[in-house]
Every structure is written in structure tokens, then in C-alpha cells.
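Two complexes, one shared chain (subunit A), two partners (subunit B, subunit C).
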Partner chain A sequence: MAKQVSPRGPVELLTTDREKVTADWIDTVAGSLQGRISRAEVDRELRELYGALVEGLREGGDDTRGESLSEARALLTELSRNRARQGFTPSETAISVLALKQALEPALRNDSADDTTAYLRLARVLDDLALFTVEAYTRTREEIISSQAAQLMELSTPVVKLWNGVIAVPLVGTLDSARTQVVMEKLLQALVDTGSEQAIIDITGVPAVDTQVAQHLLKTVVAARLMGAECTVSGIRPQIAQTIVALGIEFGDIITKATLADALQHALRASGVDLVAHQGVGR
Partner chain B sequence: MSERVPVLRIGDILLVSIQVDLEDQTVLDLQEDLADQIVARSARGVIIDITAVEIVDSFVGRMLATIASISRLLDAETVVVGMRPAVAITLVELGLSLGGVRTALDLEKGLALLRRSATGAELQ
Partner chain C sequence: MTVPWAAEAPPQTQPITQNDDVVRSRQQVRALAQECRLSLVEQTKFITAASELARNTLVYGGGGEMRAGLVERHGRRGVAAVFADSGPGIPDTELALTDGWTSGGGLGLGLSGARRLVDDFVLDTEVERGTTVTIVKWAR
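Presenting the complex of A and B:
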């Protein structure tokens, strides 16, 4: 290279062959994403990032957590969030930064000590930024997971009214402490709101009952009883009955029924309702 | 001097509605008043309304059980009414299931419960 300027730092290294470096970079990244994001989009994202990176390095050196690179960091956060939402892997996200190192390697060919030092300094900055992307990626993923968990929690615990004074909670899915807590609170609140004296917890949709789940159910039943309502557990499948006995769980004086229909019948009888089948209606 | 919780009479049923924060001395006074009143009025039922109680501890939990035991000795049945969900959960977490205390959702249902058990007793 003829136009050797001294001293060459990371900024010069990046800007000397600007067009070629960015083109190489974009090629590598677009290649790794296998067409799942359009080339034009990658092009736009990376050029913006490139600009912010050069600007940041020129202003404030290589402190990746510093003020000068905040623009680059914001762009990277945005990029990582998008990648995480679209279902890319963490490596596919980090490569967006790391591929720049690869694109800069040709600049090292002329064996200049300055270039090597500059490259190493830049490599450190890029490594940091790559870590930053992975962090942002993970954070987004965690946000997605926790919002899904909250949605699931909301969706899966409806309290339904079966009759005047009889309410039921059909439980679906695995029970854990947090969910049982929500179920318990909703059920008890519904008892107050509807003035119901009979509650049914239906566990037909619960795949497995272990000691902890049983413990939670017992607590709910006792709490309902403290408030002056009777609570029946229904929908115990044969395998689950076997497991409960094998685990040695005592349900004590809590009423359990095999099906929701049996539980409803029991609840109606306890609240003084008689069901009479009309004559002539064949069943 | 802590204030005393009033004991009201409806027929042969005594009604205690707890509206204040329960201090230990208030609870002890209440137990004493209630025992006196059950004997003086020959009451056969006691209703403790805790609709307004938002915070309980193990002491209050034990108070309910104690009052129930005292009343039973004096041949009166105790019904605790209007327990809030949060209070019920707390008591369960504290391991207090208040065995021997009858409960009802609200005052009306509590009265109905006492009336039912009275007619049941007469029939026997």
C-alpha cells in the first residue's frame, strides 16, 4: 500500500479499504444467514453499524462500554433483538460482528507492525461487541420466554361457574408452585365474588401428580374450607390414582371423584339441588 | 388502653364483628367477654365476622381456635365468616387449618348454617 499514513490505528485500518471491507463483511454475514434475511437488509444494517463503529472509534478510542460507542451498541441491540425474534441462533447473531475481523485480514498482508497492532486492538473491540450481541440476544430471548409464561399463566387458569353456587377450575398442564398460587388465589377470589359454597378442582388435564402438586392441591382445599366452602377434587385418572397411592400421599377427608360429572352431582346434592330424569326420555 | 370489640346479640346467637387491628390484649379481652356473654345470655351460637381483617398471624389463628373451644365447652357453636382469600392462604401457609371451627362465606350463610344445625339438633 502506497498511501501509508502514520500512525495507523483501528480507524485507519477500517477506512483505508472501506468499500472492499464492507462488501466482504456483508458477503460473509449474508452467506451465513443463508438467505433468511434479504441481502439488502443485511447491507443496510451492516453499513449503519460500520458507520457508527468508525465514528465511535474516531471519537473515543476502544472503550466498548464507553459513551462514544453507544450508537454502535444501540444498533447492535436492535440487530440482536430482531435476530432473536426471527429465531436465529446466537452464533448466527454474533457472526454479524465477528465476520468483520475476517474481512479485515487482507489488510494484514503487508506485514506492517502498526497494522498488526491496530488489528489486534480492533479485534479486542469487536470481540467485546460480539459478546454484547450475545448478551442482548439472550436478554431478548428471556423476555420472550417470561412473557409467554405470563400469557400461559393467564390463559390456563379459568374459573367457570357450573351452577348457582358451584364453581370449577379445570386445570390443564403441569402444575408448579407459581401456577398453583395463581389458581389458589383465583379460585378463592371467585368463591367470594360469586358467593359459591361448592368448588371443584378438575385435574383431568394434569399429566402427572407428584408429592408437591398434591401438597398444593391440599393447601387450596384447606384454604377454601377456611373460607366456608367445600372443595372437591375430580378427574383423577387411573394411573394417577395408582401414583398417588404408591407415593403414599394422604388426601385425608378431602372428597375426590373420578369424573367432573360425579363431582358436579355431589356438589349439587350438597347444595340441596335434586336432579330428576323425566320419564320417557331414554338414556 | 386498647379498645374492646363489641359482642352483639341476635336472638340466641352472639355476633362479634372484628373491625380493628387485633392486638394481643384486645384478643384476650374478647375471649373473656365472649365467655361471660355466652353464659349470661345462654347463647347457642357464636359468629365471628372477620370480613374487615386483612392481616393475620399465628396468634389470631390460635385465637379463633381458642374461642371455638371455649364456646364448645359452653355448648355454643362457633362459625367464622367472611374470611378473605389472602387471609385463608396465610393461615394455610402458617399450617393452621382451624379444625373444629366451622366457616361460612358471609354472615348470611353463617346464620343459615347455625339455624340448620339448630333444627337438626331438635329433630334428634
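Presenting the complex of A and C:
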């Protein structure tokens, strides 16, 4: 009787030369990451992935978004998130999947139509899973960026206490609606928390004051006033002053000062503190 | 208005479809104003005008784009920006250019203020077709 060669599907293709395939795969991936992740770590990740992949394909075939490959997808999500956080590129992430295709090539038997079909089916699955890693990678990067933006927003608006009853917010950078909202809330909260009656908004670090910024400033000052506090705007540089005038913005009865020092002096005087220079001390 | 773009550098295009684009337009214009060697005051005025017009393009024009670059006329250098949208247009330009008039919740100073902040200001608008505003500031 002729020796029966069982037809090989994707699973058999993956598992026939199991050790050699996984070793080649791990080699390629570890090499591409150039030691920025330890070989042992790559080894662990990929062997786990390999197991899930074989298991999934055996159970449910080629549907990469289906239930049977959910374990493999979960592992890939984890892997992609780690790569994104560690600053790897999308290609360096996707190669973890794509390198398996290359590692399988030596396992293909010459002139075997079965092998070719199996390989093509598997290649399609792997391509799709590679795309999946890029999606997971991108999602993580977006999360990182938006959380950094939120942190920056918090960071860039400290409310500082300058004196008993006097607080200040030094504004730096662009004032958009979202940031102004944060500034306003923090300032008003700080007025309550510290029992201050004087607040200074310093705009030395704001590059341009257009109608939107002006409107936000005006609203903040009015809100502070409603809480019984007086608000001074300081740090209006000459070029900003000229631009504000040309735009036609009127600050009305809002107190403005050239520098933070002037504003502090004003605030102290308004709260009944006298600054007296000692005799013999210059200035 | 045909803008006399400087021969050696073509104008750059900046889409204006979200808030961040207003900031980007401002940064782009700032770089050009510096390159053109405008004084600090002139720079700030031009940047602020661009900021107003970019925001109008976004808010009232429903988005559009800015083209900005260096210009040259009679041997004089300057910086120009063209804000274009295909939004609803402005039915009454005289009203829109009145200090304090706004159809939204603004101060109503953006358009009229921008005109005062620059050397050349051309407003070209047609109802239901869109609005194009061109501004130029010449180096002294």
C-alpha cells in the first residue's frame, strides 16, 4: 500500500517543525529589536503567542476576529501596548507577527500544492493579525497623548499663594477654551480655599492676546468679583498692549499692571499691608 | 486680490478644520513674520489678526484653509495670509465690520480689529459661496 501523506493545513505547517520555526521566529524578532527588549522576554511573549495561535487555528479556522483566536488577540494587544509604551515604532511592533511568515518558509516542501495553499491561508491570517497589532499600538499611543495633554493642562496652571490673602496664576502658552476653564476653576477654588481677596493673573508667558483670550480673561475677572475678590491682570508686554488697543478690546475697570511685582504691590496695599524699606537699605 | 507671493518661496497651505489648527496657523504665521524681519510689535499684530481670521474661518465658515507666505512688491517685502472657506458667506459686510457686532457670542472685534492690525485687508465674500480674507503686513 502506498504511504499515505496526510494533507497539511495551516496548523500542521505551523507544528511540524515546531522547535525550528519558533526559534527562527524568536531570532528574527529579537534581532530587529536590537536588545532593547531582552531575548528571554521576547522568547516568553512569542512562545505564548505561538501556543494561542495554534490552539485558535485548530479550533476555529481562519477568522482572525472570531472567538477562537481571541486569546491570541489578547496577547497581541498586550504586546502592542508594551511596545507603544516603550517607544517602539509600529513596524517594530508588527514584525512580531510578520516574522513568523519568514520563519515558516524553510518548512515548505518543494512542489507541494498543499503546503502552498496552507501557507497562503496562514499568511492571510498573520497579515490580518499584524494589522491588528498596529491598531492596538495606535490606540495606546493616542491614550498616552491625550493623558499627557490633560497632565500638561494641569501642570501649566499652578495657583500660587504670594502672601496672606493674595494668590496668583502665571499663565504660560496658548489659552484655549479648555485651558481657560481649568484656570478659572482652579483660581476660584483657590480663592475659597485660601480665603484670599486678591488674585493676580499674570500673562507674561502668553504669546498673543486675541479676542478669545481677552474674553476668557474678562469672564474670569468677573467671576472672581462675584465671589468678592479683586482680580488684577499683570504682565502685559508693550507689543501685547498695542495689539489689544488696535483690536479695540476694552478692559473697562479691570486693574492691569505691567509686571507681577507691580500687581503684588497693588494687592498688598489693597489688603492693608504697607511695605516699608528699612533705613540705610538702598532703593 | 492677487497676492504678490515672493518668487523664491511658494506659500504654504494649512487646513483649518479644528481648534488645534488655529494654533498651527498662528505658529506658521509667526515663523513667517520672523523670517520677514517684522518688528516685535508688527509681528504680534499680524499673528493676532491671523488668529482672529483663522477662528472665524473655523467657527463661522465651517472650516477652510489658510495660505501664508512671504510677498514682494516694488522691492518691498512683507508677509501675507489668505483665509478661505466655502461657508455661508457674510450677507452684510459693513455690519460684520462694525466694532462689537457679533452673530455669535464673541466680542465682535475679530474682523474689524484684524483690519486695524494689518496694512492691507481685503474681504471677499458671497452668500452661500464662502468667504476669503486676505491680509498683508509690509516690513518697514
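Basically, the second predicted complex is superposed on the first by the 238 of 283 C-alpha atoms of A that agree within 3 Å, B and C clash if a C-alpha of one lies under 4 Å from a C-alpha of the other, contacts with A are read in each partner's own complex, and residues count from 1 in each chain.
Here is the rule we go by: contacts are C-beta pairs under 8 Å (C-beta built on N, C-alpha and C of every residue); 3 or more make two chains touch, one makes a residue touch a chain.
The shown structure was predicted, so the numbers you read here are calculated from the model rather than taken from an experiment.
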item: Contacts of A:T174 with subunit B and subunit C, given as first, second, both or neither; value: second
item: Subunit B versus subunit C as contact partner of A:I249, first or second or both or neither; value: second
item: Touched partner set for A:Q239, first subunit B, second subunit C, both or neither; value: second
item: Partner chain(s) touched by A:Q212 [first = subunit B, second = subunit C, both, neither]; value: second
item: Touching partner for A:K101 - first (subunit B), second (subunit C), both, neither; value: neither
item: Partner chain in contact with A:Q189 - subunit B first, subunit C second, else both or neither; value: first
item: Residue numbers on subunit A that touch subunit B, as the complex places them; value: 184-185, 188-189, 191-192, 195-197, 219, 222-229
item: Of subunit C, residues touching subunit A in the complex; value: 19, 23, 26, 30, 40-41, 43-45, 47-48, 51-52, 55, 99, 106-107, 109-110, 112-114, 116-117
item: Subunit A residues within the subunit C interface of the complex; value: 174, 176-177, 207-212, 214-215, 238-240, 242-243, 246-249
item: Interfacial residue positions of subunit B with respect to subunit A in the complex; value: 80-81, 83-89, 91-93, 97-98, 102-106, 109-110
